[in-house]
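Labels run A, B, C, D and E following the written order; every chain starts at residue 1.
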Amino acid sequence: MLSVQGLESGYGRARVLFGISLSVEPGELVCVMGRNGVGKTTLLDTVMGVLPATAGMVAFAGEDVTRLPSHRRVALGMAYVPQGHATFPQLSVLGNLLVTLEACRGPREALEEALETFPRLKPLLKRSAGFLSGGQQQQLAIARALVTRPRLLILDEPTEGIQPSIVIEIEEAIERLHASGMAVLLVEQYLELALRLADRFLILDAGHVVHSGTAADLRQEETRRLLAV
Amino acid sequence: MEAFVNQLPIGISIGAVLLLIALGLTFTFGQMGVINMAHGEFIMAGAYTAYLLQDLTGRMAVIVALPVAFAVAGLMGLILERTAIRHFYGRPLDTLLLTWGVSLVLQQLARDLFGAPNVQVQAPAWLQGGIGTLPYNRLFIFVLALLTVAGVWAYLNRTGQGRRMQAVMQNRGLAAVSGIDTGRVDQRTFFIGSGLAGVAGVALTLIGPVGPTLGTYYIVDAFLVVVAGGLGSLLGAVVAAAGLGLLNSYAEFWSDASLAKVIVFAVIVAFLQVRPQGLFVLRSRALS
Amino acid sequence: MNAVTNLARLRGPGIFAVVAALALVVAPLALEPFRLGLLAKYLCFAIVALGIGLAWGQGGMLTLGQGVFFGLGGYAMGMHLKLVEASSLPSSGSSSGGGPALPDFMVWSGVEELPALWAPFADPVFALAMVVAGPVLIATVLGLLVFRQRVRGAYFAILTQALAAAFVILLVGQQGLTGGTNGLTNFFELFGRDLADDSTQRGLYIVVALVLGVLYLGARQLVNSRFGRLLVAVRDGEDRVRFLGYDPAVVKTIVFAISAGMAGLAGALFVPVVGIISPALLGVVPSLELVVAVAVGGRFALAGAVLGAVVMGYAKTSFSEQFADGWLYLQGALFILVMTLAPKGLVGLAASAREALAARRRPAVPASRTVKEIA
Amino acid sequence: MSPIIEVRGLSVVFDGFRALDGVDLTVERGELRFLIGPNGAGKTTLIDVVTGLTRPASGEVLLAGRSLTGLREHQIVRLGVGRTFQTSVVFEELTVLENLDLAAAFRRPLLSLARRRRGVSETVAEALETTGLAGLADRPAGVLSHGQRQWLEIGMLLAQRPEVLLLDEPVAGMSRAERERTGELLTSVARDRTVIVVEHDMEFLRRYASQVTVLHEGRVLAEGSVEEVRGDPRVQEVYIGRRKDDAVSAGS
Amino acid sequence: NESGAAAGGDDTIKVGILHSLSGTMAISEVTVRDAELLAIEEINKAGGVLGKQLVPVVEDGASDWPTFAEKATKLIRQDKVATTFGGWTSASRKAMLPVFERSKALLWYPVQYEGLESSPYIFYTGATTNQQIIPGLDYLKEQGKKKLFLVGSDYVFPRTANKIIKAYAAANGMEILGEEYTPLGHTEYGTLTNKVVQAKPDAVFNTLNGDSNVAFFKQLKSAGVTAEEMPVLSVSVAEEEVTGIGVDNIAGHPVAWNYYQTTDTPANKKFVEAFKARYGAAKVTSDPMEAGYNAVYLWAEAVKKAGTVEVEAVRKAAGGIALERPEGLVTIDGENQHMYKTARIGIIQPDGLIKEVWNSGEPIKPDPYLKGYPWASGLAAG
């Protein structure tokens, strides 16, 4: 589904990623882990085309998308929930969902579906997204990605700022989507959550993949050490 | 009392002119944050379009000119956006300088193309005359302003394009990863905003001079309207335009035109004391 | 490593010294009086630009109304010169016996008695004080009013633009008091020296250059101080600054007032240099031109503001001399080119050229190290 | 002695929506108080009111017995109340060091700020050390990653040396190890100052909290020790949720 | 010192042309420049002055008074021109005046103005008040217009003109019903029109300048005001402006000048033909253009008479020079350096040209300080 090879990227002249390779098979859930500042967000941004790749290749569904603008990648079936409560603040909650739906010409049912996953958004539909609480915004952000009915869902710390009971629901939702065949690329700091969800994981450090393997590997002490400061 | 009644339509019609000019700005300035100093020259382009068309279409020129001027000025805006403005997103205030340069060039261009003196656009016969102190041409501008406002409102709030436009302006990066072609949206926004300037230009031929410096006469007031109304707020622009129009007309009646301008300024400063972000603020919880 | 940074640190003062020597020694010797006068004029604008650089480049306050402060300073000086002239001339046909002699324009405007507003400006000390105090006072009041209410960004820009427009209209409308559109002109002497004299003009040039130099150093000090950092913080996140315990309104007002004071001083110097102060110099367009000049030079560096003012002044003069008919094309094209090709202005262009050069010279900062440092 | 923070009958209304509805809260000096509750419960709003960002419809906040009503944000900071933001905001053009230095310098007279900064003050050096940002001191804050920004915010708050620290989800996005560091840091700060933390991380809560206040729909739903609150069925119902293996952060 | 400052080279003489080619005033001033350049070409074709060809140095005053001063300085000091033709607004003239006086250089100013000035280094080839405004008032009085409304742009010419008008009215039993000023470039005349209509004057005396005239007449017309019931006498609207205002909006209203394109003199026939041949058949000629055109010829004549371009000699020689010009006989008054000019009242015709309906019969002696008008005493002295 997604294949990344020798990816390099960064900001201006500061390089952050040094030849990252990874792949996500259809229906697979891959979790990227690593300490703060190692380049997880940079990796996802580059995969989505928010940042240009300075070297390497990103392919999606067999197509080379390395030079494609973000919106074309969305059209191909990639969806992205960026880190940190990203919304269109002056659009209503419904407007936030609609605008995404219209941009990818999805069916109205996709919107209903997304709202089923996040029922707490329903009473808020008319409110401006900018006035929502942090956690409400984050729920909206995930719902917004879901309305595109993506083939690959990319999530950057989706549970950040969300109350425990909803984290459970999100986890279940991801599990469900994953089970229904959606590929997922997830960045997550909660180790336990990652362990429960991931088929495979990678650990980044200083812009390199320093470890990758299955969930079983991650339980090992050595791996845990890699994640510690 | 008689003065009060007589000045009312004048104030409203000044407001209508201001609104018509400011409407284009609610797109380029209000939505995109671009302080487009060339907006005045797009107005001028609209006026010259009406001038050129009157030989072809005779006295219906004003009507025919409206859509043509929209397209002409819109196209000019589109070119400006493609060649220059698009490098400036994220630092909108800087566009002021760029567009200021463009405005100088366009003024000089008009001078070379049409000559320095004013040209004449004949008002059609059916716009001659009026009811009481309200001439038909003023009425025409008033109706045109109303229709344009309604159109703009519907576009922004009732169409997907309008929604996408707002999304891009509120969070460009998120819009892109939500599948919106931000480049297209920028072009469209600028096209429409500039096109509306063209429409205003046609209307202005009915009441004012048509010359290379036409745009410069209205630009400061138009920006004031947008600011007093609140950036990006359509309702605010409408109310502010009406308010400024009335204030202008009454202040001028009881003092003189020069003093009226000073009074208007003082009132706006005072007003921003009460409502610092304009009449209708698009608030947000986030820190700037 | 240390030597390199020391060298780099010396480069600033080095350039400053070279420029100062050029301006103070070479220019007065090399340039003919007319050209030197023009240069003095550009330097006056550079002083205003410096203030804009502070307020806008550092503080994020896009002020489109600096002409107002320039005018306040200029008129203070102009009023003084007019009064000196009126009292020294055999009062031209003035029948109003007793009272002080009237400036020429009051006579033809039908003003019969010296307005109370004018009287104190006969005193050179008062006039010179007002050159700075007037603009600072007005900027402070306006600043406190608008900044406390958190008027900012485009709102502030448009508001100051409207201020310039209103100010000009007010000046024009009070012909008897201000000379109306004509402004104040026809000055003969400054502190007893003949203004038409080339040596007076040369002296004036030196004064302007010195004032600019001193203000530049002062502004640099301010920018590099903690206050300067605070100013940048206010620019980038005014609301957040409040939660650091500072009042952004005060910070902004101070800087706005400083920039206004600079503009006032520049206006006062401009009057004897050019020989006229009129509303045409103060309105929306000239105020905007100065901001444009700052952007062309590079608004994030004070040197850029100064450079921009001089370059734009020179460009305007020479374009309009060479191509009286189409010079606006050239000037417009210049803005457009600079803004698109060098968004950080001429200074930014120089900086990035230097950086590119440096990058070529030292090929590889092991990139992974930079990242490790961060992690 | 009066409590350091006392919130009385606080209500906040946005366009008819009651974000806070008669909240009472008392925090004693030297407490490390946790504030939890569902998304949209009003936690951030409460902090906004205490720090002057939002004006309440009714009720008041007392700092050591003194009403904060009507004070502007910077005045409240000057009285010794500091905060961080849920979405961190730092000055991207300033270096990490300058960010911290500004935070530390607000008590100086404005005029003294006109001098250049020479060296690094002890407070700032300490903050650099605690936050682990020493290596990044001279980098502009704009280059920081999400987690690093969170740390810088905490550092700025520490550098302010406030009496009362309000932190809005400080560990969100932090790795596990950093959460621990933050927890310990807050515990030690709370020894001589007062800390109020909003957090959703239940493990973090369990390890570092003593007193917990639960907000729900703008009201105080429960208050007590961690154990009491976690055991409260209403809290489980609206907030913690039902999963057999005890919420998200079961592992040890 | 004969050769020095004046000559550009051995066989050429440089002259300065200084008008606004950009900004609001460009609309008017460009045409004056064109007329002046035409005169220079004609003189050159006829063999030049003192056997030398004239070389114009054109500068842009940019509608900005300090720029006029700067460019004047440049022309004098750098280009060392023999004389300068330039200016339109009084403000630009006031800004240039000290420059020319200090440098003892010559300026030829071609536009009607408010008087109360007489600089030894300026020749005024347009009308002063007693050659335009007072005849205009005489005409209105003759027509039985007793109640006037004054409308003007907010600057020195209209304000001074109106002062004179008020003094005239007081002395002649006329009533001033209102006096209104608008900023230059003002385009919103609804309120002013309303005030005028409500005051019900017999006539309006209009000293608006520039683009404002377009807005004023358009809006006056749409308010239903006609030239028959309320004529608007303008002193700054000439053939050139009529096109921009739109003939429909202004036809029938009177204007006061010294020259119209239709003025019937042999010299004018030649001028109009030459101008159209040079700049296009659609172009019109107007009073300030003619005054600029005259200025070049008058200066050339003075130089011929003096035998040199040296300033003091030319000034001395200029007094008394009389030439048949398009407007008729023009004589330089050596005392105040203004011209004897014939006053003419015209009515704007539906074809955009102006038909003369009254003239003063003979050139009127210029009287910038209105010393010959008892009612005007006290105007000049303050």
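FYI, a contact is a pair of C-beta atoms (placed from the backbone, for glycine too) under 8 Å apart; a residue touches a chain by one contact, two chains touch by 3 or more.
If you want to know which protein each chain is, UniProt gives these names: A, D = ABC transporter ATP-binding protein; B = Branched-chain amino acid ABC transporter permease; C = Urea ABC transporter permease subunit UrtC.
This one's a predicted model, so the numbers in the text were calculated from it and none came from an experiment.
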item	value
Reaching subunit E from subunit D through chains that touch each other, fewest steps	2
Selected pair, greater C-beta contact count between C-D and B-E	B-E
Relative to subunit A, chain with the most remote C-alpha centre	E
Separation of subunit A from subunit D, taking each centre as the mean of its C-alpha atoms, in whole Å	28
Mean-CA-position distance for subunit E and subunit C (Å)	36
Whole-Å separation of chain centres (CA-atom averages), subunit B against subunit D	46
Between subunit B and subunit C, centroid-to-centroid distance (C-alpha), Å	31
Of all residues in subunit A, the ones touching two or more other chains	14, 35, 37-38, 131
Numbers and ranges of subunit E residues touching at least 2 other chains	21-22, 154, 181, 183
Residue list for subunit C, restricted to those that touch at least two other chains	169, 172-173, 237, 239-240, 328, 374
Subunit B partner contacts - residues on subunit E that touch it in the complex	21-24, 26-28, 30-31, 154, 180-183, 185-188, 190-192, 194-195, 197-198, 211-212, 214-215, 218-219, 221-224, 240-241, 243-248
Residue ranges of subunit B in contact with subunit E within the complex	3, 6-7, 10, 13-14, 17, 107-108, 111, 115-123, 127-130, 133, 135-138, 206-214, 216-218, 248-249, 252-253, 256-258, 261
Subunit B partner contacts - residues on subunit A that touch it in the complex	48-50, 69-71, 74-75, 80, 82, 86-91, 95-96, 98-100, 102-104, 128, 130-131, 144, 148
Of subunit C, residues touching subunit B in the complex	62, 142, 145-146, 149-151, 153-155, 157-159, 161-163, 165-166, 169-170, 172-173, 237-240, 284, 288, 291-292, 295-296, 326, 328-329, 331-336, 339-340, 343
For the subunit C and subunit E complex, residues of the former touching the latter	32-34, 37-38, 41, 93-96, 102, 105-112, 169, 172-173, 175, 180-183, 185-187, 196, 274-276, 278, 280-281, 317, 320-321, 324-325, 327-328
